[in-house]
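Pasting the structures in now, so scroll down.
You will see two complexes here that share chain A, one where it goes with chain B and one where it goes with chain C.
Let's turn to the complex of A and B:
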C-alpha cells in the first residue's frame, strides 16, 4: 500500500464517518462534509461545462473555425453575452432573448419527447396486450392472459383518472363543486391502488440501493482500518 | 417591440424544432446547430447559477455574517477544483482522485443515510396518514418487492409460482405507465402553451 492510497483512503474514511455522523443528529462534521461537497461539485461541474460545452461549441468555432463558422458562432456568442448581462440589475431585460430561445427549444423538445417518447409507445404497449395472437401464442390458460390484459388496462386508466381534477361546468347544477362524476371517482379509487403498488416498488428499489450503499460504506471503513492495522 | 421579439423567437424556434421531427432529413443541419446553441445556453445558465452561489458565499464571508467558516470551505473547495480541472485535464489521475475521493464517499454516505430515513419515513407515513387504500397498497407492494428482490422465490416460467411472480412484477409497471402518461400529457400541454405564447416563462406575462 503506497502513501497516495493511504492518503486518499484516509480522506474517504473521514468523509464517510463525517456524513454518517448525521445519524446521531445534525452536527458540525456533517455540515463540513456537506459544504465541501457543494464546493467540489460546483467546481467540477464548472470544469465540465467549460471543457465539454463552452470550449467545443463556442470557443473552437470562434478561434479555429473558418470565416463562415466564425460568423455563425457570433449568434450564440451574442445570446451568451445577453444571458450574462441579464444578471445585472440595469440590463435585466436582456436575458429575455436567450431565455426565449431556450424556452422555444425546450417546449418543442418536451412536445416531441412526450408524444414520440412516451404517449405513443406506452399506448401501443397497452394496446398490444389485447392482441389475440399474443393470447393464443402459448396453449392453455388463455383466460389468465385476458384477465392480465384487463387488469393492465384498468390500472392505466385508473391511474390517469386519479390525476384528473377537471370538472364539468354547469351553471344551474345541484352537484356540489367537490364531487366528481361517479365513474371517475370509481376509476380513481382503482388508480390509487396501482399508484400505491408502483410507489411501493420504487420505494423497495430505492431502499435496496440505499442499503447496498450503507453496507458498502461500512465495508470501506472496515477495510481501511484493516489495511492501516495490517500495514503497521 | 421589446415584448414581441422574445415571443417571436420562442414561437419560431419552437415550430422549427417541432418541424424537425417530421422533416428530419431536410432540417437536420440547422436543427443540430439550434440544439447545440441550446446546450451551450443551458451550460452558461448553469455557470451563471454557480456564479450566484459564489457571490452569495463571498458576500457572507466579507460581511462576516453567520458562520462564514462554511462559506470559506465552499469557496476554497470550488477554487481548488476549478483551477485543478483547468490546469490539469479531466482525465488526469490526480484530479480524478481529488474529485472522486471526495464526491463518492459523501454521495454514498448520503445514500446510506437515506436507507434509514426511508424506513423511518415509511412508518411515519402510516402513522400520519393512517391505513388508507394507497398506504396499504404501498406497504404491501414494498414488502412483496423487497421479498422478490431477494431472489429466493423460484421464478421458472411455466410453473404456477413463476407466472404469479411474473404477474406481481408486472403490476407496478401499470401504475408507472399511468404516471408516465400523466407526466407526458402535462409536458405536452406546457410545451403547447409555450409555443402558442399562452405561457411566457422567459418574462412578460401575456
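Let's turn to the complex of A and C:
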C-alpha cells in the first residue's frame, strides 16, 4: 500500500463522513464538503472545455488551419467574443446574439427530436400492438398479447386524459367550469392509477440507485479501514 | 326713435334736429342737464345684511333688527316721496326753488295756466296717460293689500276655531279652506298636537314674528328648538328612523346639553347596477374562481410541523441502516443471487452480443454523473467483459464533463480492458447536439468541400451498435430521439440506472431500442448469464438487507403517521 493510496483513501473517508454528517442537520462539515465538490467540478469542467473543445475545434484551426478553415473558425470566435463582451455593462446587449443562436438551435433539436423521435414512434407502437399478426406471432400467448394491448391503450388514454386541462365551453350548459365531463373524469381516474404505478417504479429505481451508492461507499470505507488496520 | 319736443309749440322733432321744425325755435341744450337723474343702484355693502366677520346668530339678529328699523325709515321716506310726487301734476316739474326755474319754463307754465289749449296735443295725452297709470297702480295695490289682510284674518279665525273643535272638525275645516292640504303642514300639525297632549307648555309660534322666534332659538327655548326640528323634518324628508344626537349650545351661555331628534335624510334604496354578463365571461369567471379555490386549498404535505423530525430519529435510522449494511458486507452474509430468467428486453442485449461479428466497432456514450458511477460500473461490467472477449474496437464519447474520467475508470481501472482499441472522441457539451452531429454525419454521404474536416473522424465511422450508458432519463432520451430519427438502422442499446429504467422502457416497447438493462438487479441476470465471475453477486446480500430495512422503515412510518393523524383528528374534534 503506497502513500498515495493512503492519502486518497483518507480524503475519501473524510469526505464521506462529512457528507453523512448531514444526518444530524446542516453543519459546517457538510457545507465544506459541498463547496469542495462544486469548486472541484467547476475547475475540472473548465479544464475539460478548454482542452477538449476550445483547443481542438477553435484554436488549432485558427493557428494551423488553411485560410478556409480559419474563416470558418472566425464564426464561433466572433460568437465567443460577443458572449464575453456581454459580461460588461456597456456591451450587455451583445450577448443576445450568441445566446439567441444557441437557443434557436436547441429549440430546433428539441422539437425535431420530440416529434420524430418520441411522438411518432410511440404512437406507431401503440397502433401496431393491435396488429393481429403480432397477436398470433407467439402461439399460446395470444390472449396475453391482446390484454397487453388493451392495457397499453387504456394507460395511454388515461394518462393523456389526466393531463387534459382544457374545458369545452358551452353557452347554455349547467356544467360548472371546474367540472370535467364524466368520460374524461373516469379516464382520468384510470390514468391516475398508471401514473401512480409509474411514479412508484421511479421511486423504487431512485432508491435502488441510492442504496447501491451507499453500499459502495460503505464497502470503500470498510476496505480502507481494514487496509489501514492490516497494514499497521 | 328718440325725439325731442319743442317747448314753444309742443311739436315733436327728431333728436338730430337743432331747431324745431314747426316754429324754428333753437333747441335748448341745457334742457338735458335739468332732467332727473337716473336712480343709482344700491351699494353692495348695503344689500348684504349679514356681517362678514360675525355670522353667528346674535349678530344676525342684530343686523336684522337694524335692517328692520332702516326699512321702517325707508318706508316712511318713500311714503313722503309718494305724497310729494302725487302733488306734482307735471311730470317734468322738479321740486326746485323759483330762483332755479329757467325763464322758458316759467313762460310755459304761465301760458299753460292762462290758456287751456296752450299745451300740445301729445303732451296732453302723455299727462293723461300718466295720471291714469298712477290711479290704476294705487287701486291695484289697495286691492291686493285688502285681499292679503282678509286672508290673514280668515286664517286666524280658522286656527282659533280648530283648537276648540275636535280632530274631525279640524280636518273638515282645513279641507274646506285648503282643498289640497300639503303634507308638511299635516306633519307639523300632528307634531304640535302630540306635544300638546304631553302637557308641555307651548306658545303660539305662528303668532310670533320671525325675529322673536330667532331670538328664542338663540336663547335655547324648547319651543323654538321644536320648531327648528319640524322645519328640519320638512326639509330633509320625514324618515322613520331617527338619530338622537346631542345639541350643545354655546358653553359660555349654557352648560346644559339638550337632545334633539334629527331625522336622517332618507336615501334612495340601493339598487345594484344591472350588469350584462355573457356566458363566455361567466365561464371565465368560474374558471378563475376554481383556480383561486385550488390555490387556497390546504395541501396535506405542506404541513411543516409534520416535516419537522428530530435529528435524533434520523441518526438512529441511519445508524441502523449503516450497521446492517456493514454487517451484511463484512459479516459473511453472502446469499446466493436469484437465478431469474432474462426478460425480453434483456434478451435483446444478449442476442445482440451473440450476433456481433469479430472485432466489432461499438460506440460507447457516457452520459452519467459521478454519483452513479458505482451502479453503472456494476451493471455495465458484464457487458464490457463480453466486449473485451470479442476484441472490440471501442469508440468513446462523453456528454458530461465527468464522463471523460469515468470512461477511463470503467474501461481501464475496473474492467481492465486490455489489447483492445479505444478511441476517445472527447466531450460534447449537450447530448442532443452530440447525437445530432453524430447522426447527421453518418447520414450525409458527401461531405461538402467548403466545410472544415472535423478533428475527430466521426463521418468515417460506422458502428455495429451504439451503447448508451446513462444515469438519468433526460440524457438517454436525447440520444434516443436524435439517433433513431437520423440513423434508425444502427442498433441502439441502453445501460441505465434503476431510476431511469421505468421511463425509458417505452422506447424498448416501440422498438427504438433493441435492448435495455436497468439497474443492478437486472445486471445480475446478465452477469449470471454472461460471465463466470460473480463480482456483482457478492454485494447482493447487502443490497437485499438494505431493501428490507427500507421497507420496514416505510411501513413503520406509515403506521406512526396514521396514528398521528388520528390523534390530531381527535384533538381537533375535542376543540
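The rule is simple: the second predicted complex is superposed on the first by the 225 of 232 C-alpha atoms of A that agree within 3 Å, B and C clash if a C-alpha of one lies under 4 Å from a C-alpha of the other, contacts with A are read in each partner's own complex, and residues count from 1 in each chain.
Note that in this section a residue touches a chain if its C-beta (ideal position, glycine included) is under 8 Å from a C-beta of that chain, and two chains touch if they have at least 3 such contacts.
Source: prediction; values computed, not measured.
Of the two partner chains placed by superposition, chain B and chain C are both touched by A:209.
Number of chain A residues touched is higher for B, counting chain B against chain C. Contacts of A:79 after superposition on the shared chain: chain B is touched, whereas chain C is not. In the superposed model, A:122 makes contact with both chain B and chain C. In the superposition on chain A, the residues of chain A contacting both chain B and chain C are 20, 23, 41, 44-45, 48-49, 53, 57, 72, 105-106, 109-110, 112-114, 116-118, 122, 125, 152, 198, 201-202, 204-209, 211, 213-214, 216-217. Contact residues on chain B toward chain A in their complex (touch as defined above): 2, 5-7, 9-18, 20-21, 33-48, 50-54, 70-71, 73-82, 84-86, 89-90, 97, 99, 101-116, 118-119, 122, 132-146, 149, 163, 167, 170-185, 187-188, 190-192, 194-195, 200-204.
Interface residues of chain A facing chain C in the complex, by the touch rule stated above, are 20, 23-25, 41, 44-45, 48-49, 52-53, 56-57, 60-61, 65, 68-69, 72-73, 105-106, 109-110, 112-114, 116-118, 121-122, 124-125, 152, 167, 169, 171-172, 176-178, 198, 201-202, 204-209, 211-219, 222, 226. For chain A in complex with chain B, the touching residues are 4, 8, 11-13, 15-16, 18-20, 22-23, 31-51, 53-54, 57-58, 72, 75-76, 79-80, 83-84, 87, 93, 95-119, 122-123, 125-126, 141, 144, 148, 151-152, 155-160, 162-163, 189, 191-211, 213-214, 216-217, 220. Looking at the complex, you find that chain C touches chain A at residues 279-280, 283, 286-287, 289-290, 293, 311, 314-315, 318, 321-322, 325-326, 329-330, 371-372, 374-375, 378, 401-402, 404, 426-427, 429-430, 432-433, 436, 450-452, 455, 477-478, 480-482, 484-485, 497-503, 506-507, 509-512, 518-521, 539, 542-543, 546-547, 550.
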